């Protein structure tokens, strides 16, 4: 559980090995951060607020080993080639000590590839693609959030208890959507061989024809629906689904829908009883301190992105403190197995694949007044939603 | 049967939504000839303004209707302001210049909307009457969709009456044909154009507000709406409102049934349909052949380069070659990107300026080259020189195959067919994950060790790209280049003196495709990766912006435009969080200051002096 | 009625008119003559405003109109009939006429479609035909009729006989005579000397964008030297 | 040998018969004028001979070879040059370059992407410009040339392909009276000198009666008269539907005014 002491724990840990870091200079430690601030502001603006809170906390408590933390942030305009261009500027001109950030999966992968080539540490916050730590895993890349696979795996124990045997899926037609559907099918089939998948809808990202999609899903007469849609697509889908009665009497499993970013726009139309991953804001005792600090500063409740940004920076501070250096090799060693705190509880960066065990919440959607929220939630630790180490090693090659 | 009926109705509702956006676009284009890229932004503003209005009003149907009407009126007023403040000053410029201005507006609106309404998707809470449904053949069907189904034809009928039964409509139709003559007959055509633009913007606002009950006001509306609206307008025939409605029906129904039959193909379906329609009917369903649709603007004579100009180019090249001596790694990476941009822009200029074929999908060739280099290098282990050879080859071959259909068309239709092809390529790159890696792209395609330093990469890119651009220039001063301009200036005369204009245009298309492909191949090794974004509409727009900014009718235009745009973009991206606002404003100001492009303005000044 | 002084006009970057000046009195029919490229069409366009004169004065009635937008000049009573006809091809004959409609003017009998159909009988038979589907002669009639719907006091006719068969040219000449009877003043630009001689009272000869000669049509006919110097090759 | 022989040519647009069974022939060195009221089908006839339109019925023979429906490009290669009613030239090139492009195309030199075009066929182009009286305008862009000069330029471009048949659609439209006759006398001289057959339409009767060897009269798509200028001038039917009394068309000097 995160207490006030825990909040500042990372900084305190840094004090343990001051000598080496000091030896590298007295100026601030510079973190180069790149993210899609204009292309995906709904997530990245709260995210930026989150890391700003963390930076201020770290610096207020004396920084890492007596050196302040400074974040140089850039907007990648949603383009991976722009992200790496700016990463080059951060490394070569601004002389940052390590790289961080990323919302879109392709930006994360490009940054990872670029960082590996430049031999710099890159800590990804949000990008979900499995490839980031598996097929395209790099020694210099760590990732905080649960991957696509983990998101699905976290819901699976509950999903497997649902009665539905005829399933339909709906996902945005690109790598994230396709791979979420693939994992759901694989994992569910493994647990319940009798289920069948009767329809797959793959609307184009941001361009869903919601009425037709809902109608097509209903036409397949499934008794369970697996949804990967998010953002404006999800809003359109839910509204058509509600009016046309798609969700009535059906089990729905839906990735990320419990995150405030995607749940709040649904408003009083939030469907009840969906099995989702997300973040029950205001309900998690461990997160109260963080939520209060955030509310205080930005006059609104934090989002999932806020927690990711906040935790990302604290985890990086913890890693630097542990390494006692900003040397890439030493940082990698320090990050492998690095314990750090988050508003959701303690986590580590796994040594085997550099994936964070920072978890997420699995629960049911519910309507409270005219706002959507999560009930019956429980925190799922990221370490419990992983394939075996042997499988991971095989994937990482 | 019931299932089919409900699907058809769903398709009709979708068609109405499409038509509302497309009707405004086609009205504006038909009369003012403005390719209004900001129409999606107006629709988005309609959604946001609608949200602001509707969340403050009582939620019964009468107030809802009033709120929607108010939103449409507000957007009409905004459209009038936009026309009077910006577009009115550009009617004498080449047509695509107005597109450039509206592109600037798109960027400005994106940031303005974010700053005004925040990043969250905004929804209006639906009262029971908006959630109501009727049972049709045992399926639940939203009442609101029935309302939409009725609104489409109602708007169509109103527009038809307005254009055919009022004096205003007759004047507008006359102005469509010959605006100058209407003025000479005593009609203030500025008022006419302002009112037409306001009408179109009002329709966009109507579409945005009416979309709220089924969705949300969000920052993605502008771009998601604009391409489909253009597709509808082009399929229907530019300027034809009835055509736009027919096209909306076609697309709406195809979408509805396509979702059931081929759910994976929904993204490309509309573009395949557009390509098919344009191949069969080069002017769309109800488009007329005679109306002018040329895009390139009036041609000015091209003089062979003077000694002074050649000297200037030489000095520029020398400076470029000396850059590694003074520039740091980041500055070099920007210069490398600029070199690629120069070839990309020069290749578009080749078909667009001398060729007279404006392309909205030039990124297709860049992307095919990039993927050819990336896939061959990574999948087949082809070494870099081989991959760099394959890039222009693949793009050139693709350009020949596809160009055969393109060169039969002209003007906006041609531009939109290239866009359709680029979108099909993009969809393949984005969705065919097993081959292209989807949006995660292909990574780790770095040059071999001997060419890995920033200076070597830069010099390599400079050599290939400046060399490619120089080759394109050389070709323009050859008999082939003259024949190409001849085919643009007067196809009638060109054929009458024995030139095979289609073959010439096709060859030019292939050369430009290959050059863009080479730029894409080089970019792949510069970036070490390939992403679907290379083929995307924004990337095609980048090329257009560079060429137009520099000046279509000057040989130096693409170089100047590429350098200016790359510099602006990179500089602003680092300088300010509101880079879109500033970049958009910069484009608008440049357009107003240099209505012939930067190089065009300089050239004019030199000639005068 | 129309007084032009020191008119300088450019077409793109080419300096076409060099200080052109002449006057047309009320009720007169004047003709601009000259070789190709002498500046006849540019003069006409400068008078209606389609070409914006760089300098010079155009007085119409007692108003200075040289800086006005074309539509304002038309509203003051200048009617312009372009050389290329510029019919609205998708609009019907009646619709074309409606576009030209302007309020009636004091002292002139207002034009109505019916009155125009008596002047140009061919048009009356094809009221609903789109302008694009008419022959050249019919289009020429329509373009004049369309301008007349604006009830102009002064008519600028740019090469009305161009591309018309001899018989139609005769009808055109008759129509111009009729218009003059109505009280209109007219300035023609013409290449067809026979036609010009038939309808005009005054002549202005342009040579390389400058006025080379002005005088009455009768004087021109009598002056074989001028005739040969400026109008023949 | 007859250069052009047209027989039973027919064409309709949307059910309206534009050309209805027209036949005529042109011999080497001969100038045939095709005249008739506006809308009689002259340009349609031209475009069928030039390949811009495909005839519905009938034959077009060039030196015995059927060219009906053949593309304009191939017809040009077979030795037919033409000028258009509305001039069609390359506005972005100088007058000289316009003729050069035509000459290079004729010599099949277009597909050379490396060769600089500046000096190709330059002497030939300059000679042609000189011949049509455009030498002084050679370095001006076609886009800024006066209309009459464009007509001459078109003639030079057509001649660059060394044709045996020249089609001229209203070649003197937009020219001053004196220039009209001068231009057509020039054509007359070239036709006689080279044995070139010329088919042209024209509204200026000074030109028609001044230079043509024979005249064919079209009305409502059909040929109503054909023969020597004197016979046509005297033909009452032609006078009634086309020539009128000739006061304004240039057939004879103008007389005084007339009342209406």
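First chain written, first letter: the chains are A, B, C and D, and each begins at residue 1.
Keep in mind that, in the parts below, a residue touches a chain if its C-beta (ideal position, glycine included) is under 8 Å from a C-beta of that chain, and two chains touch if they have at least 3 such contacts.
Worth saying up front: this structure is predicted, and the values here are computed from it rather than measured.
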Compute the shortest path length in steps from chain A to chain B over the network of touching chains. 1
Between B-C and C-D, which chain pair is linked by the larger number of C-beta contacts? C-D
Give me the ID of the chain with the smallest distance between its Cα centroid and the all-protein Cα centroid. B
Quick one: chain A and chain D, Cα centre-to-centre, how many Å? 76
Distance-wise, how many Å sit between the C-alpha centres of chain B and chain C, to the nearest whole number? 43
Chain C to chain D, mean C-alpha position gap in Å, rounds to 29
Sequence positions of chain A contacting 2 or more other chains: none
According to the definition already given, which pairs of chains are in contact? A-B, B-C, B-D, C-D
Which part of chain B faces chain A closely enough to touch in the complex? 3, 6-7, 10-11, 13-14, 110-111, 114, 118-123, 125-126, 131-133, 139-142, 144-145, 213-216, 218-221, 223-224, 228, 255-257, 259-260, 263-264, 266-267, 328-330, 333-334, 337, 427, 430-431, 433, 437-441, 443-444, 446, 523, 527-529, 531, 533-534, 570, 573-574, 577, 579-580
Would you pull the chain D residues touching chain C in the complex into a rising list? 35-39, 85, 144-149, 170, 173-179, 181-182, 203-205, 241-251, 253-254, 257-260
Partner chain C, residues of chain B touching it in the complex: 167, 170-171, 173-174, 176-178, 180-189, 288, 290, 607
Touching chain D in the complex: which residues of chain B? 298-302, 304, 474-475, 477-483, 485-486, 488-490, 492-500, 504, 511
Which of the residues in chain C come into contact with chain D in the complex? 11-12, 14, 34-38, 134-138, 159, 161-170, 172-174, 177-178, 181, 191-195, 197-199, 231-233
